[in-house]
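To start, I am sharing the structure in question, which I have written as structure tokens.
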């Protein structure tokens, strides 16, 4: 479903916004942003990944963002810049439809504590609940049905979409975006066992989220047991992510969907966790670590680089045969070593083959 | 907790509804539906899986749905039909308790935009928020606390349970069921990196959900970056599922709980993804693919069939020994090949065994 | 973010609460609880894990909870008791900040059915919706934006944080804690296939949750198809967990984050499931089973113990080489067996090495 926006821009305007170099008619107007293959004659497109170079020749776009060395191959107007994907990111905001729901003001169906301190031009949606001693920075937007517990702080220009929950004492930095269904500050999973049953440990710590952080829909970030759970500046968290108590995420990390991080683990800066990655508790990952999708990490990582686990998928009948052998792998290794030592077939009893 | 319903049916009525063949007294009344082992003398039961045939002899049910060839073995009245499980599905709706919460009308605590267009007999619960230019089809039910952003469309006879969130411009077909906590239309996880930090890419696309789709509790379906995320007709999505931006799910797929699908992947029609399955981004799965639980798929699949990954579980001490050997597996394969070539034990230095 | 509490306690008071033995000045007052390394001179700390013994010597805490045999090594006042971690759990509640949001009373913006039965000192937050025939025990707290469907029962002293959803007929025991975004009683994932499309099976069963259960944020517990989904007394469930229809969880189990359990599986008592664990449907796990993080279990387990699956993570280049070999593992095993039989290098065609 494409929402229409009446906004149009000249190529010259866009070139200036991007600091690009224009090859073509600067007075031409565009009204949309699209991929090379989907773009029509009123759209601007982009070529950021050379795998798509084959589509450049047949694009119907009015103009294309691309790297300088590809200008000569562009059949239409070109805006040349070194990082066209970053250029696309910048243009995307110009072409996003404006939303009516974010106008300043407090909806009459919101419940705002008298002790809350609201900055200028704050927008609070219907049925939002703002607890005692909450502080909202200038131009924050609190969506419909959000619940902000006692003494939360949300920095300026932050946006909480509908139905976000912040427990008490949560601190969110500036320019945060938190998506619907996300819960920040719920109790960490802390219990002591008496030999028979589990006894709850009150989770006395908080959550501190830095500036420019995005948190995806239905993600959970738990409060600390003692001391805080900390999300560094610029961290981007996708949907369905779980971050347990006292985890620290370094600045500018990206966590894809369904990631789970157990308690007290510390992730360095500029790390990237693929979808479904699991980190065990009490680990340290240094800066610059990338973990590929659905890998489980149970030991600290001290060297930057790419790490993986798992087997890759295959047809089920082949997989069944191989998975059975995995359970015999240590025995296979011992049998191999015996053969290398020239000991022949003296296999252990019960060895299958 | 069993909720009572006063509704009862004669076996003859049920036989007619199902197009079954009745063996027994059609005037007998039943008031409930249960398994073979749990059924009492007022209940009708079903036998769909022959693994449960051993329970038929001792059932206390008034009657049993079963395939024609098992009628002779049934100790009580029998309703014979070719697909008893489908028959059970049909009967289940007759025995479900009616819920008071779905009466037509707009609750006084709902916030409905003046520009919203509401069909006939729409039901809107307390604290639901219906944004500008939203369209609700006839007989739609919007549960308590739901938030529907600007310009959403929900087709006739759809049911959104309490606390569902639709972002702006989301299109939902007819007869959809969306469970609590689900979020449709949140921003996809799109960022461009400038070498230091991530820059958000506005997610300009939408989400289009077909007819007869069910979406489980706390699931996330993100809006497209450019162009739409598309869920085909008849797709069934379980709880805790993440569907990223620009994913396309073909008609009549079933996605079990905790599935995660990364951006731009296209799943064919009639596919089944087991619980916890992960699909990497930019893949294509053809029609008729089944992926077993918790498998990770990182390559496109062009042949229908069943696919798997992983190792199977085993006692931890055995697993530890085998998992260590997995890390040596390539070296083991090379050592094996050397032995086959008659080169004996000339192992690399540092080879463990 | 540390929320201040004015409450202070003497060491003698705390010793009495814990049934500990005091070594030091009982009149000394403490105002906080912290780790050995973070504690200041007004805090009490604890030493439950001997891995942290090295921090005892330099602690600035006023006093330390520890086992009796470590009293001699404690440089400050000591409260000796056999299970210091349990002692810490008990003290944590004394030092947790009191929250204003849980005062008895019904917020004027709540919607409470006339037919609901409310115990003494119930607290119902703004925009909470209490359906017909709901029963709330004494001192229950229902947070802002919660939705409780028809005929739910919540036991005394239970706490539902903001934005929890209970569908109709859900039964919650006493002293439960349910975190924000959790959904209890949504439809199980039940469909019958007619060869072309899926047909919904009405989920007629309910959910019965015992006493002293905690359910984490954004977790889903589905209602039964026929008969109930059952969560035993004392079970602790973390965030982002999915529990499918007709699952039974035995008493005092602990389920870490992102666990998924498929339909009709029965987990015994005192089991522990690590983060991201998946259990296939229709399994039985006996009492006392532990499954390590992200393991997939596809067969019933009849012996208590620790079980695992997966490969462990490693650098990606090493992983790629090994994962390729995993796909050849059955062939490797056959080649190894041939060598053991003295058949040399008669490898199958196409065998890679």
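Points to keep in mind about this one:
Letters A, B and C mark the chains in the order given here, with residues in each chain numbered from 1 onward.
Quick note on the criterion: a residue touches a chain if its C-beta (ideal position, glycine included) is under 8 Å from a C-beta of that chain, and two chains touch if they have at least 3 such contacts.
Keep in mind that this is a model prediction, so the values were computed, not measured.
Under half of the residue numbers at the interface between copies subunit B and subunit C are found on both sides, making the touching surfaces mostly different. After Cα superposition, the angle needed to carry subunit A onto subunit B is 120 degrees, rounded to a multiple of 5. Taking each chain's centre as the average of its CA atoms, subunit B and subunit C sit 24 Å apart. Within subunit C, the positions touching two or more other chains are listed as 109, 127, 145, 163, 181, 218, 240, 258, 276, 310-312, 314, 324, 326, 328-329, 332, 336, 339. The part of subunit C that touches subunit B in the complex is made up of residues 109, 111, 127, 129, 131-132, 145, 147, 149-151, 153, 163, 165, 167-171, 181-183, 186-187, 189-194, 196-208, 218-220, 222, 225-228, 240, 242, 244, 258, 260, 262, 276, 278, 280, 291-292, 295-299, 305-312, 314, 318, 321-322, 324-326, 328-329, 332, 335-336, 339, 344-345, 347, 353. On the subunit B side of its complex with subunit C, the touching residues are 1-3, 33-35, 38, 83, 85-86, 88-90, 92-93, 95-97, 99-101, 107, 109, 125-127, 143-145, 161-163, 177, 179-181, 212, 214, 216-218, 234, 236, 238-240, 252, 254, 256-258, 275-276, 293-294, 310-317, 319-320, 323-324, 326-330, 332-334, 336-337, 339-342.
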